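Okay, got some structures for you below.
One chain, subunit A, appears in both complexes that follow, with subunit B as partner in the first and subunit C in the second.
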Partner chain A sequence: MKKREAKFTIKRFLMTNIVPILFILLSAFAIPISQFSANYLIQEMLIRLARNSFLVLSLLIPIIAGMGLNFGMVLGAMAGQIGLILITDWKILGIPGMALAAIIATPLAIALGWMCGTILNRAKGREMVTSYILGFFVNGLYQLVVLYFFGYLIPIRSPELVLSRGYGIRNAVNLLGIRNCLDYFIPVTIHGVKVPLGTFIVIAIFSAFIVWFRRTKLGQDMRAVGQDMEVARSAGIAVERTRLISIVISTVLAAYGQIIFLQNIGTLNTYNSHEQAGMFAIAALLVGGASVAKATLPNVFVGVVLFHLMFVVSPMAGKYLIGQAQLGEYFRVFVSYGVVALALAIYEWRRAQERAYARRMFRGEA
Partner chain B sequence: MKKRLIMQIGLVVLLIVISIFLYRIGKGFQLIVENKNYTLGDVVYEAEGPVRVTFDDEIQLDLKKNRADLAILVGYGKHKIKVEVLDNNGNTIRTVEKTFSLSGKEGDLVSIPALLNGSDKWIFRRNVT
Partner chain C sequence: MDRIKKFIIDIGWPRAIIALFLLALFVIAPFVNVRLDSSISDTLVRFGMNGVLVLAMVPMIQSGCGLNFGLPLGIIAGLLGATMSLEFNAVGFLGFFMAIALATPFALIFGWGYGQLLNRVKGGEMMIATYVGFSSVAFMCIMWLLLPYNNPTMVWGYAGKGLRTTISVQEYWGGVLNNFLSIRIGEFFYIPTGTILFFALMSLLIWMFFRTKMGTAISAVGANPDFARAAGINIDRMRTISVMLSTLLGAIGIIVYEQSFGFIQLYMGPFFMAFPSVAAILLGGASINRATLTHVVIGTFLFQGILTMTPSVINSMLQTDMSEVIRIIASNGMILYALTRGVRVKSR
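Then we have the complex of A and B:
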């Protein structure tokens, strides 16, 4: 069989990196129009890198295992939020509060991840849509727990948290006790720009973990499963178990990611915060040049910067260009969902091309 | 199999112990700090002012005479309080330092006049009626 040449061509490069190139061009156009200072943009990007990177990183492991983009990460986000609600009620402050929220969230995320992984093992080839719908299903359960069980079955003492009827959690939970406690754990300011060094250290440790994990036996098994499940099974790899573990790890990490995200924001929107977590993290990863089948650490960081740069500059660019900041808001929602659609379409198109190529090879036409 | 089960149980116990530890070091308590006249039995402790109250070398409150404020202290165990009585120019006239433990429940009240005058009952749980 002839080996397919992976020669560098401009067309191939453009096709592979179409999404980041598009975003770089849009940013290059929008930044001067927005009239933001360099200091402001750098500060915003550092904050958003700290806020979002962990969530986006949690998506990498299921991609290695060939399960695509884990829309089910919202399950982990919900587990993280339950931990945060409890520590807010118990008035546990600072880093110990965050750590305790993570410990509370861990068993919940493991259970939800296990459930998600088991279902996804029964829906091979349709993991993304299944996990997406699973997110809606668990969101219903989450709302039931938070709206009816908290304060009724699960004791909540703080009157600031409980709805006036005596049970259920209020729409907004103030996380003042843990706000920025990790970000500015080590206070560093360079030329007036505050660096959230504490969170960056955690992200660096986690990135190193992913690099190490890919080289472990389990990491290699995941790569093998991701490349071809049948071949991996023939090689004696427990395919279903490996896929299940990848989803459990991703869900647990998403829980931690949501805790880091919300300590940066400082307010928990009880019924909505988790809903967008998956979509925005996935969009950021795709903007960084990742695909459904392949994602790397640089994709994560490039994606978060480009995606959030667009988020910051587009409302102001819209205001100066057309006189309406609202247009920029529409634009960024359109962009975040549009980029997911574009990446999925390109992925399917490439797969169809590869199948066609394989058929031609089989017939001896290529 | 048995070894694995022991490891798993050990891990769960370890997590519970860490959780309790985190709870104890991270628990926040709201404290009412009052610089008002305080009556204990027949004795009336007169408020002095202004005073600067510092908890654990971190939280600082400036209280005028007949004023109160809130402070949030973190963690069970010992805490430090430093009270400086200031003159009208902001210079320190007198300093009193003490260590204390919280009751572990909400609503502890610190009476600055009682503390400055050497009373033992300068911190107590406020009776909510």
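Then we have the complex of A and C:
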């Protein structure tokens, strides 16, 4: 068999890394136009790395298990938000508050992840679109609980949380109590740039966890399932169970990620925060050069920086270039959806080509 | 008892539950002071309004391209046609058909490109279609700001450029179909005959199309691609044609929707419009690889019935507005059910 895969060609390199390259070019073009200072951009990037990395990390494990991008991570985000609403009501502040929110969110996230995993096991080969729709479906359940049950079945004491009609949580919940408590737990300032060291430490710990996890028995099983389900099954791996666990872990991590995300932002947008979380995390991971089948830690961090650089810069660039900030606003929406479409299409296209190639090899034509 | 069980399994649990739910809503309605006649009339209006959009699902499902989550692409073509007909100040039936005529070339071009893309990503169509829809909507947001429209009813008053987010078509071709031969009984009840006739005409055309040689070939591609290839059918070509047809129906569908609704919604308006149509056809009994016109009619009626009845009935019963939440859960639950049911072909 000829070694076709190993040959390094410029075309192949461009093909594999087209998305990050496009983004670097875009940023190189937009940063000078936006007229932001380097200091400002570095500060912004540090904040956004702290804010988003954890959510993006939560996507890695299902990719190892061959289940693609877990659009169902919004389930975890919702669990995290329920935890945050409760601790805000109980007025528990600072790190203990965050920890308690995480403790409340964990069983919820496990239950939701279990449900998600079970459903995805019934929709093999269509995991992404199914988890995507599942996100919408559970969003409906979440609204039912938060908008009608909170303050009605589940007691909420703080009047500032509850809608004026007496039940249901308001549109925006102020998280002043835990705002930035993890980010600046250890205050560090370099050249006037505040470094959210506390969050970085947590992110580092979980990155290490993922590296370690890949080497465990379970991690290896997941990789085997991701390569080929049938082969893994005949090797004695409980395929369904392994897939289920990968989704549960992802959902729980997403819940923690959302708590970290919101402690940085400082306000919970009760009915929108989670939707954006999924969207942006997936776009960032793909911008970092990940594909549906392969994602690494560098993909996560490069992706977060590149994606959010574009995010910060484009409205101002649009304003100076054409005179309408709104235009830059729409442009970044377009780019964040377009990049996902592009990355998914490239992945599927290449897979189709490889299948065709394998077929030719099989017939001995190549 | 066995008979009932078999019947329910035949039509599927979710459909049975939702049909019963809708029936219950119609029964309860008079007791909570919701007028039955106006409810039925509303349901009919919305049925006509959305029918063609749901019909747009059929060609792609039949050719094996899956659920058309890329419907916004067709909608955008329709929006371009609609705004251009307003730009030319065309009114009445002339304006309506002009909008369709102007939208057609866009729909065919978009559909062709979209079809080419989907042919290269066989197996992953649905997710990519969703994102193609989303990104094209976002791209058009930029375009609506920049395209050189001049009609003062459409552009922002103070800037003189950039289209408004909602544009009224009332003075142009609003309600032309709804009012055509419409039957009005009493104060609350009327049948939008024109819209329903138009939907029937479109359905008839699709029905006839799927009985031509090409239509049969498209269905064959969806039912069994390998068999189709062995029979000498050009799979990619058939799929492209089905996608173009779906996109065109989406464009016509949104124009019908607008003439009934009375407004053109631009910018993020078309963003989630694919989901109600997808849910409706699945509710009608379609699966992700087989859909018929019966599915369209039953599905649209059930889905729009639920949308019309839940706000009024549930609100008067519970004194709260839960309709939005119920809509989200029901429509996405339906899609989820269809996705997990797999592509088992019933042995018959």
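Here is the rule we use: the second predicted complex is superposed on the first by the 361 of 366 C-alpha atoms of A that agree within 3 Å, B and C clash if a C-alpha of one lies under 4 Å from a C-alpha of the other, contacts with A are read in each partner's own complex, and residues count from 1 in each chain.
As a convention for this text, contacts are C-beta pairs under 8 Å (C-beta built on N, C-alpha and C of every residue); 3 or more make two chains touch, one makes a residue touch a chain.
Here the structure is a predicted model, which is why all the values come from computation and not from measurement.
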{"item": "Fit or clash - subunit C, subunit B, common subunit A", "value": "fit"}
{"item": "Touching partner for A:Tyr330 - first (subunit B), second (subunit C), both, neither", "value": "second"}
{"item": "First, second, both or neither for A:Phe29, with subunit B first and subunit C second", "value": "neither"}
{"item": "Angle at the Cα centre of subunit A, taken between the Cα centres of subunit B and subunit C once the superposition is applied, in steps of 10 degrees", "value": "120"}
{"item": "Contacts of A:Val129 with subunit B and subunit C, given as first, second, both or neither", "value": "second"}
{"item": "Partner with the higher number of touched subunit A residues, subunit C or subunit B", "value": "C"}
{"item": "Contacts of A:Ile92 with subunit B and subunit C, given as first, second, both or neither", "value": "first"}
{"item": "First, second, both or neither for A:Gly177, with subunit B first and subunit C second", "value": "first"}
{"item": "Which superposed partner A:Leu141 touches (first subunit B, second subunit C, both, neither)", "value": "second"}
{"item": "Minimum Cα separation, subunit C to subunit B, after superposition on A (Å)", "value": "32"}
{"item": "Subunit A-facing residues of subunit B, complex", "value": "15, 18-19, 22-23, 25-29, 72, 74"}
{"item": "Of all residues in subunit A, those that touch subunit B in their complex", "value": "87, 90-97, 99-100, 103-104, 106, 177"}
{"item": "List of subunit A residues in touch with subunit C within their complex", "value": "119, 122-123, 125-126, 128-130, 132-134, 136-137, 139-141, 143-144, 147-148, 165, 324, 326-327, 330-331, 333-334, 337-338, 340-341, 344-345, 347-349, 351-352"}
{"item": "Touch list for subunit C against partner subunit A, complex", "value": "69, 117, 120-124, 126-128, 130-132, 134-135, 138-139, 141-142, 145-146, 275, 320, 322, 324-326, 328-329, 332-333, 335-336, 339-340, 342"}
